[in-house]
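Presented sequentially are two complexes of chain A, the first with chain B as partner and the second with chain C.
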Partner chain A sequence: MSRRLLVAVCALIYFFLMLPLLVVFPISLSSAPYMQFPPPGFSWQWYERYLDDPQWIDATWRSLYIGGATSVLALLLGVPLAFSLVRARFWGRALLDRLALAPIIVPTIILSVAIYGLFAKLKLIGTWYGLVVAHTVLALPFVVLVIAAGLRDFDRSLEQAAEGLGASRWKTLARITLPLLRPSLVSAGLLAFISSFDEVVVALFLAGANMTLPKKMFDNIMMEIDPTIAAVSVMQILLVSVVLVLIGRFGRGLRDSAR
Partner chain B sequence: MRTGKGAGEGSAELLIEGVAKRFGDVVALDHVSLQVAQGELLTILGPSGSGKTTLLKVVAGFETPDAGRVTVGGANITALPPAKRDIGMVFQNYALFPHLSVKANVAFPLEMRNVGRAEIDRRVGEALAMVELAGYEARLPKQLSGGQQQRVALARAIVFNPRLLLLDEPFGALDRKLRETMQLEVRRLQRRLGLTTIFITHDQEEALVLSDRIAVMNKGAIQQIATTTEIYERPANDFVADFVGESNILHGTMSAPGLVALPDGRKLMVDSEAAPGAKVGVLMRPERFAPGGINEFTGEIVEAVYLGTTFKLRLACEGGQELLVRQPARGPLPAAGTTITVGIDPEAIHVF
Partner chain C sequence: MTTRAAWPALPALILLLVFFLFPVVRMLGFSVEAGTLDWYAKALGEGLYLRVFWNTFEIALLVTLFCLLLGYPLGFLMATTTPGWATFGFICVLLPLWTSVLVRTYAWMVLLGRNGVLNRTLMESGLTTDPLPLLHNFTGVLIGMVHVLLPYMVLPIYGAVRRVDPAIPAAAAGLGASSARIFWRIYLPLTLNGIFAGSVLVFVLSLGFFITPALLGGGRVMMIAVLIEQQVRETLNWPFAAALSAVLLVFTFAVYAVAQRFTQSEATR
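Right, the complex of A and B next:
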């Protein structure tokens, strides 16, 4: 009895979470010129509208390379940071450990205002690399969390063995440590990418004329609201799903560290 | 040494002199000194926490000692990083690189030494043949059994002709039968290659099977270094006598030459030159008791266990003394509660 109840409740929650998708998918294929549910007929017109509009395509490319650059920068900063937090013993380590997670804790809107103030002085508003820097701040906690979890599980006797067999510190890192951490690196990089690709608040403040995809979507909703937004959403959902599948296949989730 | 055909010709004598190491308030190594001759297998035997693993890490270069020095073949290596020491080590968990094939694992130390491709192929092949794993080159470690993984670890540790081989409790994870096979195999290989070897274990039986000499460690200090028979027959102190093999240990005072007075008033005839008045320990191995021995003990059997080749008897003697006795398993197992008399000759008693 209680088991059936559990299943029913779970199904209800699942349905509630999936509901937007069930609406967005049909609308993106709608033949009507405005948002209407259920759609009166089938058509690819909104996808064509998206693909034919250079503004949408620009925004998509921009989001992709900003996401990619964010991912690379977050890994370059986050991996050494995670190493020092897990392995080094230095004064202020505990503080740095908490601080590394601060971007998750501080409300994004506050962070955005602060970054806006700073970047205005540095003339970084409206530049794509300014957005990369800001997104890296937001992505860093994910990278640090995932890599640190991987490092805590790491069997250090493997590194000792490598050094004992004649490998220098750097060779050990390149031949043993990083290859074995690859699943964590994949997860961290892709998570950083998604966190940037989906991000709208900071982009609203910093992007200026250089629209990212989420910001373009936001503007679209504010101004014209037509089913193009549904088509874009579907594309974005598919892309993020692909990334999540990649994480599942080649990456290492946070939950794996509990095993 | 790198191009030589037989491994082990580069192996060298190891000298450890006054090595000390503390972790906070804990003394892990209390000025330990020992010497391992070229080609010798020395076992360091001790309970967990005795400092044996720390000593091995100091030799391998994973711990820096607070004092003392380590010399291999006359060269002081105390300050060298592990990568520069040319020491092969087999870790407790084997520490095989899980993402590399068997061949890549064994080739690793050679690649780190910039050995040529063809030479690597030849030497990896030789090393794998030596541990009877030819044909397993392409496998990943997780596709091998525990015994095979250990052989790979061993091949990887010897393939680069190390000056020293360190074995850190390598047999612990194997089942009994496989452990015995591997022990003999390692021993044979070590002899054949003439590798100076330190073997670490907490298993006294294993130590007796494998070693030329044994160093017994406790509380960060070496209690005794001697040949296996010496350690077993003539232990230096209570700890060694108790840790290695089964034992009955009594304490008394020399009352006359060749005579020990025990606290309960009994006198034991012993074969010892200790001066009268000296406080001594007395070791009687359970298997050295025999009917008709000169020093007689009479007691009631508290516990009798049949162990195949022997009976193991626990006697409660007059005066409250407990005695462990082993007798050849002939006839029926003596029943608990019966009183028997056993004896032990003076030569069979060790005084320390």
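Right, the complex of A and C next:
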């Protein structure tokens, strides 16, 4: 009886969670010249407008390669960091642990304004690599959390066996440790990519005239509610779905990292 | 052993020091550049700005409360249902979580506007005659923020309910306890840490929220992050923006420090 009530309440909450994601689909396919609901007819016009506009396409490419570069850099720095934090014992380890997670805790607006101040001085505003560095700071905590969770559940006896059989440390790392960690690496890399691809506050300050996709969307929303945004949103939702499927298939379950 | 050494942390440490700690400390330093605390007096003394802090605090509290009210039933159901339905639940929670805040905020503008989906539906069904004011006000910001932050509440609560040994409620039920009694006497006390962790996370994230209040508030709902952005980009008042940032940061850390006294939350423990 009370279980049924719980299920009914949760059905409404699921609806609340999914409603904004679902509502952009019909609007993106609307034939109306402006935002109208329900759509009077079907058309691909907003997708065509997106694909025909070099500004949108530029912004999309820029976001894609900034996201890719962020993902690579965050893994290169974050994986060794996670190894040290989980396995090494050294002075200041607890402090470093806090520092590595701090970018999640410190409000993004403060980080954005602070890096904006520094980059203005260094003439890094509007450069793609400047954004990659800032996005890497934001992505690092995700990588550390996911890799650290993977390392905690790691069966050390496999490494010990490899070393006992004469494998060097590097060979053990390359042939045993990293392959076994692959699901965590996949999840961490994809989460770092999405966190950069979606990021808007830092981009608002640092991108300058070189728009990323979220910054272009923000500017468009501020000016007018044009259904082109709905088409872009649909594509963004589909991309996230693909990434989540990839994580579910090849990565370490998000359920585990949710703890 | 190589994988046990401390030095692999060095490149990341350098990145964090140069592009995170240094710029933040440097920026906060602007607030006392003149050698006085005048900017802090302005931030905490003038009614206008004090109101913004109070507003932010009030919104963060309400968002946390609503997230808890919606997040507990959801986390509870997901932790106690069949694996198939749990997966469905995870899709409904994780898909919005990883969808851009911008996409979700735009969608709420479409839903909540004067001629938006909700008002259209309500008026056509005859439930209301005039459009409800849902956008560009407090209500709109609240709805948008609860939607964005709800997953952060659901996940820790799900984890806490999962950790409850199912033999305990089963034993209580066998001894004749009602489901309400099982909830109040077993689940609630055993999942308090999850409730606490989720609430702290949602509250702290709310304090620094920028995109949702900027877009759904329509300039009428001023939160501290929106004020900081204005000071930097419109009035170019760096010292004041720095003082506001410092106050926000102190609030944020204070909430965490209090939370840490109750829970242990080291990532790599």
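Quick note on the criterion: the second predicted complex is superposed on the first by the 252 of 259 C-alpha atoms of A that agree within 3 Å, B and C clash if a C-alpha of one lies under 4 Å from a C-alpha of the other, contacts with A are read in each partner's own complex, and residues count from 1 in each chain.
Heads up, the rule we're going with is that a residue touches a chain if its C-beta (ideal position, glycine included) is under 8 Å from a C-beta of that chain, and two chains touch if they have at least 3 such contacts.
Quantities reported herein were computed from a predicted structural model and do not represent experimental measurements.
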Touching partner for A:Pro40 - first (chain B), second (chain C), both, neither: neither
Chain C versus chain B, contacts on chain A by residue: C
First (chain B), second (chain C), both or neither touched by A:Gly126: neither
Chain B versus chain C as contact partner of A:Leu180, first or second or both or neither: first
Which of chain B and chain C A:Phe16 touches, first, second, both or neither: second
Which of chain B and chain C A:Ala161 touches, first, second, both or neither: first
Partner chain in contact with A:Lys171 - chain B first, chain C second, else both or neither: first
Footprint overlap on chain A, comparing chain B with chain C: 163
Touch list for chain B against partner chain A, complex: 60-62, 81-89, 91-93, 95, 97-99, 108-109, 112-113, 156, 160
Contact footprint of chain A on chain C as seen in their complex: 1-9, 11-13, 15-16, 19-24, 26-28, 30, 70, 73-74, 76-77, 89-96, 98-111, 113, 115-117, 120, 147, 150, 155-156, 158-159, 179-180, 204, 207-208, 210-211, 215, 225, 228-229, 232-233, 238, 241, 245, 248-249, 252-253, 256, 266-268
Complex contacts: residues of chain A adjacent to chain B: 155, 157-158, 160-168, 171, 175-176, 179-180
In the complex, chain A residues that touch chain C: 1-3, 6-7, 9-10, 13-14, 16-21, 23-24, 27, 35-38, 76-78, 80-88, 90, 93-94, 96-97, 99-103, 105-111, 113-118, 133-134, 136-137, 140-141, 144-145, 148, 152, 159, 163, 169-170, 173, 177, 191, 194, 197-198, 200-201, 205, 214, 217-218, 221-222, 225, 229-230, 233, 236-237, 240-241, 243-244, 254-255, 258-259
